[in-house]
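Each structure below appears as structure tokens.
Here come two complexes built around chain A, the first alongside chain B, the second alongside chain C.
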Partner chain A sequence: MRGIQLSLNQTQKLRLQRALEQLESLSSKANSNASVTIADTIPVNYEDGVLKGHGTSELDGEVVATMCGVVERVNKLVYVRALRARYKPEIGDIIVGRVIEVAPKRWRLEINFSQDAVLMLSSMNLPDGIQRRRTAVDELNMRSIFEENDVICAEVRGFQHDGSLHLQARSQKYGKLERGQLLTVPPYLVKRRKQHFHNLEQYGIDLILGCNGFIWVGEHIEAKDPMVEDQVNKSEQQNTKSSKNFTRLEEQEQTYTPPETRQNICRTANAVRVLSTLGFNITVEVITETVELSSSLNLDIHEMLGSEFCVLVAEREAERRRLLTKKKG
Partner chain B sequence: MRRRYPDIGKKVSKLEQEAATLAASGEAEVADYHKLRLDIAQLEKKMMTEITRPERVLYFLNPGRLVKVREDGTDWGWGVVGNVVKKPPAGLGTLPSALYSSCGGGYIVDTSLRCSPGSNENRSWPKPCPPHPGEKGEMHVVPVQSPLIPALSKLRISIPPDLRPLEARQSILLALQELGTRSPQGIPKLNPVKDMGIEDSEFVELVNQIEELEQKLFAHPLHKSQDEHQLRCFQRKVELQKFRDELKNRSRVLKKLGHIDADGVVQLKGRAACFIDTGDEHLVTELMFNGTFNDLYHHQIAALASCFIPVDKSSKQIHLRTELAKPLQQLQDSARRIAEIQHECKLDVNVDEYVELTVRPYLMDVIYCWSKGATFAEVIQMTDTFEGSIIHSARRLDEFLNQLHAAAHAVGEADLETKFVAASESLQRVIMFANSLYL
Partner chain C sequence: MVGLSVGEKHFIQGGIAQDLRSDGRKRLTYRPIYVETGVIPQANGSARVRMGATDVIASVKAELGKPIPLQPDKGKVAIYVDCSPTAAPMFEGRGGEELSTELSNALQRCLLGGKSGAGAGIDLSSLVVIEGKICWDLYIDGLVVSSDGNLLDALGAAIKAALSNTGIPKVHVAVGASGSEQPEVDVSDEEFLQFDTSGVPVIVTLTKVGRHYIVDATSEEESQMSSAVSVSVNRQGRICGLTKRGGAGLDPSIILDMISVAKHVSEQLINKLDSEIAAAEACEDES
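Let's turn to the complex of A and B:
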């Protein structure tokens, strides 16, 4: 129950405690023996060679843990995986970040990491879609692509020598994110999966689970094919020269998000907030279940952040886990 | 390969969409027809090797004879023999080995074939190709190797002595077309048993089989419609299925070795393996994670790593010192294990061939001594590989050791990192890493 800051009355506290205890008892037993704290010796068979990985160190001929966490073994490699750690980036991770600075030929993004990430101008597709060298004019027009406080989705391309990240956004699915909400959750709640981009069709929203703990919930935008866009743009350019006033109104109409989608966005965002308060792993399935739970109970969106719903979600998760272990066992 | 895994996934879904749009009507018939054609091609290949033995075929390759030419799936149809030349036996290494083995003392037949008109205009890459259906072709004299002739015809036509002017060649084309229209069943082939006098019983059996299959082919309803489009669609479907199967098998291998988990998410082992591309990444990662490098000191590591660098086979006997023999044995065992896993997952790999290809210990001794500090003169005495190849291999080895260093860093094993750095430094001396060998 560490860190759950909710005002719970007595019965709610009891229910929550019970649900969490149930979850603990259902979690796999194997790992409980493998948890270590700093300066614990790790049991290792010394006759075979052993590779000492991250989080371990050799002290007086013994392998000793330098982090609190769980011991993992892969062949002869032994390392300690921390349970609640700061975000550790890997090449190929999907990241959501916010622009904090527009610098010469690059943007600096804040990504919930010890250092800011850098997105080079050359790692970004130009708006006209042509592959060419970035000229000085492109540099001056950087602000037309991204400005300060824009939210961007990108992928980790590599590390710089000082440890900060290089990002790249060269695909249609990366780029500026609009018409939605950015949420911050502890990064260890988002596990690396095959897919981080999810399209919840029944609500018409896009969900991006950034590995750094930034989660984007927004209106669904069709990924446009750049070739098609070129042709459409060209024909539009020919027509819009005379009708500039009309297009501005049209654009506003086109970009108007219907209130139902907005409600769905808020509901999903609140579901994520509840899950993060409870400390459950955030995956698409859990989020959709929580949203369905709230709509089935006919809760108002703001009630989702209340203590009653929080306890309900915990109980629901305990129930689901119990059924799952029953099926397996 | 791991990095390509998600991209390959996208490719597969794209191809699957294509497959869905391909017309699947009458698929069973098309499959049947396709199989018949494949069987015939296989049997004909066997027959070809029998017929095209020089002692038999030369007698019949007279100028003016009609021959059928088929190359690896491209069917050229019928052509007219002009001249036969004996191919001089080529020296070692100038011909790709497959060609050399198939025509040891072969013959080249200059044949007049129908070619696509545009193909010979481009002088810089004069690869002739058969004309597309419906396109009017031109006759050109093309040198054809004797193994590519599956059938000879009974017919001979008289050809003009000089084939250079275009009219002479066009007259041959007209004569061919005339013969084609005159014999609606197809141009009569030289029967190997009756006309050529081959009396081998196995061979007669083969010929009968082919005749049976060909009759089935002609009687097949699809043969008359000759729907190339449908056939091509079917062939692409078959290829797509093969591609899908290969993808499944390869990802199973990766899962078994522990590079990715059951959901397909890349694990620590896979990430370490991503850094290596100079050598066989499966084998090297297995070695690293099994602790083989732990007990070796850096000279041995350099020598062991040199087994992954491709070198030409050296014919000299390999006498290994004891300290190198044990790691080599471990390496060969790991290679065998990986080949077996790949074989279990139904990948087309021969275990012994794999072990031989990936483990190349010809330079082990050389690198070991060089790393310890021998002079270049001493080192080149130990093997008969060219000096330039040794230097080239040493540079590749250095790059490989850098990649191993990056992989060890990803894993977090500091001792191993220092060992790889030490090995790399012990190699970088004097002439092998001189910036320019001309100074």
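Let's turn to the complex of A and C:
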């Protein structure tokens, strides 16, 4: 496998190679006809008119692939889909992004795509929860909602005419993400599923798998009712302002994440890092299995990033797939 | 480096205060260190060190030169660091120059001591060929390939590994040279002397975030630092150099505490580094 940046000793290298070969043999049976490399001919029935899509081209009357990938057919359309492609947004995708600019009536977010995404002020719930027309005062107070460098979870609403994305964050589950850490993985490892928000109750953490490859692991925060939040916010603000001069450090310490939750957050984050290094698809089931594997072995959290655990995860995944194919076949 | 939100900064500071950082390490735990030696065959010695996502390469080239008249019995060593633009977007063009000079100066201070050569971690008198006339000039170059915090420690480790990989060619001096003439020397291509690196120190950087110090900070943690103290300690536990970075002032008692913590951490680091270097050289011999 290319580019695994770990130093493995001889036995570990052999074990890892064996596990990866097992995985390859299990998966390649299904799609061996469909994968193509550049200049491969695509088998097409020429009597039905065929539409040549992305990644194909006509050469000497034959349809030839212009990139490496898997052939997909939709009715008459034939195209080649690359395996390790850049993030390709679709409407309804859940993504996690970082604010890079506060512009008139909108925020610009960086989402690991070729262009920045735009979140309009009108696509965002106001703090007081009332549905009303955004006024100039709202525009001036945009920074009180989201500032630069804030991490935000939102949904893709559509595409703008120049190809950049329009986002919306109108539901309670979208919005600013705090008290956790953001991880970046290659976008093709996160497949589209029904659920991208996961609340791992046994650990007390929230896991958000953004389709763009940004994964948020953080403390579980209940989605609050905006009406109640108003009063709670006001009293919190008063408290913080008064004691800011004296005990800022102690007060900060009181608001830190509790140690058990923090351990779970770090374990989950390391599990995601290991899966990303190995190039396995990232889903909630695989992540929870990896975390359970590490706790059952009583590994120190930072040892999860070492070579031994990496090899164990690869072997475990090979085992799991083998059992899965056994059940099917 | 991308910015961090207030929530993320709070999380990082909380982790350091609770002795559980973002990747699960304790405050005084290093990331896994990987050493490869002999990566540049044309150089006399070279090494590549990886600590997490930080990746640095160090190379040593030896050339014959004339010693400084004030110190005729010592060779010369020059250390220079270059931050490659592939490491971070801000290093493009001349952006990395400030950081490069800072790192070069810090390394010179930690490894070579003062201008008079006193307190050097590298023994310069072993580099002399003919006193007053010919000595070895060592040019140590460091390249930062990928930057994720703690560059000084990684460069110090890479230089130590590169020096242990260095072979200085044997020099045969022609007999019968008179006082004022330039003596003839014959640089051997076959025989090499291994450089003695038992006295070369390692550099331990302690980054102060809030009330606690951490070792081997990632670039996110470094963005939260108030100040950082880099201490170079050799195998005997003696301090060879000290550098402080960061705008916040430090109480003298804190500096003494940081020095003792650095000394304590350096013992494990030296052992780990020596074993990694030995393993890397064994690997290189095999291949």
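For the reader, a short list of remarks on this structure follows.
Going forward, the second predicted complex is superposed on the first by the 293 of 329 C-alpha atoms of A that agree within 3 Å, B and C clash if a C-alpha of one lies under 4 Å from a C-alpha of the other, contacts with A are read in each partner's own complex, and residues count from 1 in each chain.
Following the convention adopted for this analysis, contacts are C-beta pairs under 8 Å (C-beta built on N, C-alpha and C of every residue); 3 or more make two chains touch, one makes a residue touch a chain.
Here the structure is a predicted model, which means the values were calculated and not measured.
By the document's definition of touching, neither partner reaches A:170: not chain B, not chain C. After overlaying the two complexes on the shared chain, residue contacts for A:267 are found with chain C alone; chain B is out of touch. Once the two complexes are overlaid on the shared chain, A:52 sits against chain B while remaining clear of chain C. In the superposition on chain A, A:18 makes contact with neither chain B nor chain C.
For chain A, the partner touching the most residues, choosing from chain B and chain C, is C.
Using the contact criterion defined above for the overlaid structures, shared-chain residue A:316 touches neither chain B nor chain C, since it reaches no partner.
Of the two partner chains placed by superposition, only chain B is touched by A:194; chain C is not.
Of the two partner chains placed around the shared chain by superposition, chain C is the only one that A:98 touches, whereas chain B remains out of contact. No residue of chain A lies in contact with both chain B in one complex and chain C in the other.
In the complex of the two chains, the chain A residues touching chain B come out as 48-56, 74-77, 79, 90-92, 192-194. Of all residues in chain A, only 5-7, 98, 110, 147-151, 176-182, 218, 249, 252-253, 255-257, 259, 262-263, 266-267, 269-270, 273, 300-307 touch chain C in the complex they form.
Here chain C touches chain A in the complex through residues 2-8, 10-11, 13-15, 17-18, 20-26, 29, 31-32, 34, 50, 210-211, going by the rule given at the top. Note for the complex: chain B touches chain A at residues 3, 6, 258, 263-269, 271, 274, 286, 288-292, 294-295, 411-416.
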